[in-house]
Amino acid sequence: MAPIIEVRNLTKQFGKGKERVTAVDSVSFAIEPGETVCLVGESGCGKSTTGRMVAGLLEATSGEVLFEGKNIKQLDSAAFRRYRQTVQIIHQDPYSSLNPTQTISQILTAPLLRHNKVKNRVAAEARALEILEVVDLTPARDVIAKYPHQLSGGQRQRVAVARALTVDPKFIVADEAVSMVDVSIRVSILTMLARLKKEFDVTFLFITHDLALAKYFAWEGRITVMYLGRIVEDGPTQRLINDPRHPYTQALLSAVPEADPELAQHKRQIELRGAEIPSLLALPPGCTFHPRCPYFVPGRCDAAVPALEALDVGGRVACPVRRQERVSLLV
Amino acid sequence: MMGVIQGIWHWLTTTLKLMTYNKAGFIGFLATCAILIICLIGPFFIPLDTKTKLDQIYQPPSAEHWFGTDHQGRDIFSQIVHGGKDVIYVAAIAAFLSTFIAVTFGTLAAFAGGKVDSGIMGVTDIILTIPQFPLLAVLAAFITFDNITYLGLFLGALSWPALLRAVRSQALSLKERDFVEAARALDLGTGHIVFRELVPNMMTYIVISFTLALTAAVYTQVGLVLLGLVPVSSSNWGVMISLAWTQGAIFFRDAMWRIMMPILAIALFQLSVITMTRSLELAFNPRLRTMV
Amino acid sequence: MAKNKLDWQTGDANDGRAPLSLENVHVAYNTRRGKVRAIRGVTLDLHAGESLALIGESGSGKSTLGLAIVRLLPDTAETAPGVITYRRNGREVDVLQLKPGELREFRWSECAMVFQAALNAFNPVLKVWAQALDTAKAHGWHDKDAVRRRLVELLEFVQLDPKRVIDAYPHELSGGMRQRVLIALSLLLNPQILILDEPTTALDIITQRTIIKLLRELKEDQGFTMIFISHDLAIAAELADRVATMYAGRVVELGASDDIFYRPRHPYTLGLIRAVPTVTGGFEQLFSIPGSPPDLVDLPKGCKFHPRCAFATERCKQEEPELEEVGPGHTAACWHWHEVEAELRRNPLHRGALNLTDVIAVDVEVA
């Protein structure tokens, strides 16, 4: 099957002159219909910027975004409209993603009417009620007349999902979609998103900083790890979580605090050589992780940007130091 | 039809309820209403005293003449009642026009960005640097403002730049909000984004700017009249001050009431409007509105 | 780095009594909508040298409780009835009755609060050194050199380079560095108790880990008495000796960390644990708690958790349970804790020893 979304050498720079930073640097990946891909990394790694470029909300400095095999910049207006509606985004903050001056009804009926998904207002209202049921906001009749601030964070996030569903999307960029929702409710939203995947054939690009959530949501899918604008490793979730190959992925996994006291006590920690993330304004040469990497090899890691190489266990990794060498390097 | 009436009723009751949350603001609102009623409806009930009564000149306030009398023994109160309408009318026209220009082009500049933005901001900066009052004074020499509507439009056409800059910066920050980005992703169109997403969230700001433009227009207008640059013939608070002044009212004590009363009327109106903005701030706050 | 024992006045000067005791603490706010009952009767002791985690969701009252202990609540807050007893060197005070001058002394010298490392925890126009000096001066410590020596010592302890940090403005520091500076500043006046509100929230994972390590050191090497406030269960698992689960303004379960994570007896605690994934180990089915946290203005009758609880019966709708002993040093406020125990026997949590086998597997892989 052809990928629904593919990005090639996607690059985004912000600012001018000395202040110029490369937020996303030559990122390439492809997502097949029905796949679940998680984009994982710490703040400033470019994951959200990548997501917004994929959703067509931010223009790339160079490189291309392909929707069903065609560059979105070369789509004619009808095709672009289809892309716009097929690819939707769900934001992190449910308090800023809904307009406080509109009722849930107004929020949901506007796109339905605009894109002629329904004949008239009455039909739009009815369809809005149906969609609210889909996102488990029941009873829908109680919710539809409310304003966003009358709902809890979790309910608002469901409204945001419902709004995306009004235009029958096939690809949803979920940008930290549950990180601001109460812990006890997160799972139910993830379960709801997983149901959309099955019932409406929605493909997800799930962006998160939380590896445990990524593992849970994309257990059957893939995880892509970004560091300072570049992909350092990707691969099937189960392999990446249990057998991480890039030192950064390993450091990340070992650093995640665990909600289990014994595990927390016994988890092996990888000691980094430096704690601070370099500034995007002054990126280290070569592999940008080298100043912190425990397996740093002078002359190799700081010389050239390592390319992503395919792994026999699935996925790709960008590290010039082989696994066999690493053990000796640690001592 | 019933729905519309209910909607309007709900809007009005919500607005009033929110206005009462700030006591000073609500008093300002009541005072503004009172002044408007007196100035707009008063003239139909209180005839303008035009008869010269030489035995009654420059009387202090009394039960018969609430605000005293002028140099021809005419009742000042009746003049005040008749003199407010034009002042408020001109100020309202000016405020409407400047708010309209500022909101429309300010949001457009913020939203369109690029060349449109720099174009609009260029014009704005040029107009902002022109000293308005002297310009008006010069213009008054060439154009006769015999129609007060023109005067209002003219004041409005010159007083929008500061407000436009403020609206633009508001819109710029709102534009970055996720719900605007979501509207873009949903392809809801620029019209929808400006009028449904941005403007409703700027309502507090717009309403307050409107009242401030209103007060500014009152001062500019009175200033122009006082300097005699605008030959407005009808009775008007500005004309009253101007006449009293040119006839030397500031030099003798008996004439104090004649010059003080229109000044007080203007000050009271301005004070009421400005205090009222405290309540307006609450009434048009989208969050508070939906909480009632 | 400085591993030597810093000069704290710890030790058991309270005859074995808890340095901090909360007794039936209440906090309420009057709002236009009605009375917000943020804390409804919290009683607990904080023992010397222990670290206690307060966990719960938004609106559970955990942050309000932290603010109440250092009296940083807004003026509109009502704190009656309730007693917060603070003890040091045989002296005993009720924090809620302190006068403004005493309160200022108490806040830094006895009980310091560390806020989330946001920029607004600092005065943006003051350098780190100036912030420290201001704090010291406000507490009558005018010996500049001594303050500087102390600050340098503390910055070294939190593993920052004093030369680089001491003359920096807050915005010049990264989030992790700011959090360290906040911790260092809070230790400046030698407090007995440290309260940390969401100490790792909004920090990156690797930075979180370094802060956790630092706090562990404070706890284990320096024997500090600490309260952690967090919505993140992992922070409690990583750092706490005891954990208090809060819901709707009350402590609903209190026990040793292992008891809470492996033998929870309150349905809410169990729900939270089942909702949080661990990154190590295989796939584990997670479950969320239905419904939303309650409206603090309009609380349900009976047990406040009953509308979301799978174990709820008619009794739960009528009567609110008090904390009762469910094990040694382990209390829970639930009428049906025996059923929670039975449920755990039927569907055990994949935690603790079960997960450890996976850890060992990963260790082998990494080595």
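The first chain written gets the first letter, and so on, giving A, B and C; residue counts start at 1 in each chain.
The criterion applied here is as follows: contacts are C-beta pairs under 8 Å (C-beta built on N, C-alpha and C of every residue); 3 or more make two chains touch, one makes a residue touch a chain.
Treat the numbers as computed from the prediction; the structure is a model and nothing was measured.
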| What is the chain whose Cα centre is as far as it gets from that of subunit C? | B
| said: Per the definition of touch at the top, where is the C-beta contact count highest among chain pairs? | reply: A-C
| task | Could you tell me the distance, in whole angstrom, between the mean C-alpha positions of subunit A and subunit C? | result | 31
| query | Which whole number of Å gives the spacing of the CA centres of subunit A and subunit B? | reply | 50
| remark: In whole angstrom, the CA-centroid distance of subunit B from subunit C equals 54
| request: Can you check the complex and tell me which residues of subunit A touch subunit B? | output: 52, 55-57, 81, 84-85, 87-89, 91-93, 96-102, 106, 110-111, 114-115, 147, 149-150, 160, 163-164, 166-167
| query | Where on subunit C is subunit A touching in the complex? | reply | 57-58, 159, 174, 176-177, 200, 204-210, 212, 231-238, 257-258, 261-262, 271-273, 275-281, 283-284, 286-290, 292-293, 351-353, 355-356, 359, 361-363, 365-367
| task | Mind listing the subunit B positions that touch subunit A in their complex? | result | 177-179, 181-182, 184-189, 192, 196-197, 200-201, 203, 286-287, 289-291
| query | For subunit A, which residues count as touching subunit C in their complex? | reply | 42-43, 152-155, 182-191, 209, 211-213, 215-216, 219, 241-243, 250-264, 266-270, 272, 275-277, 327
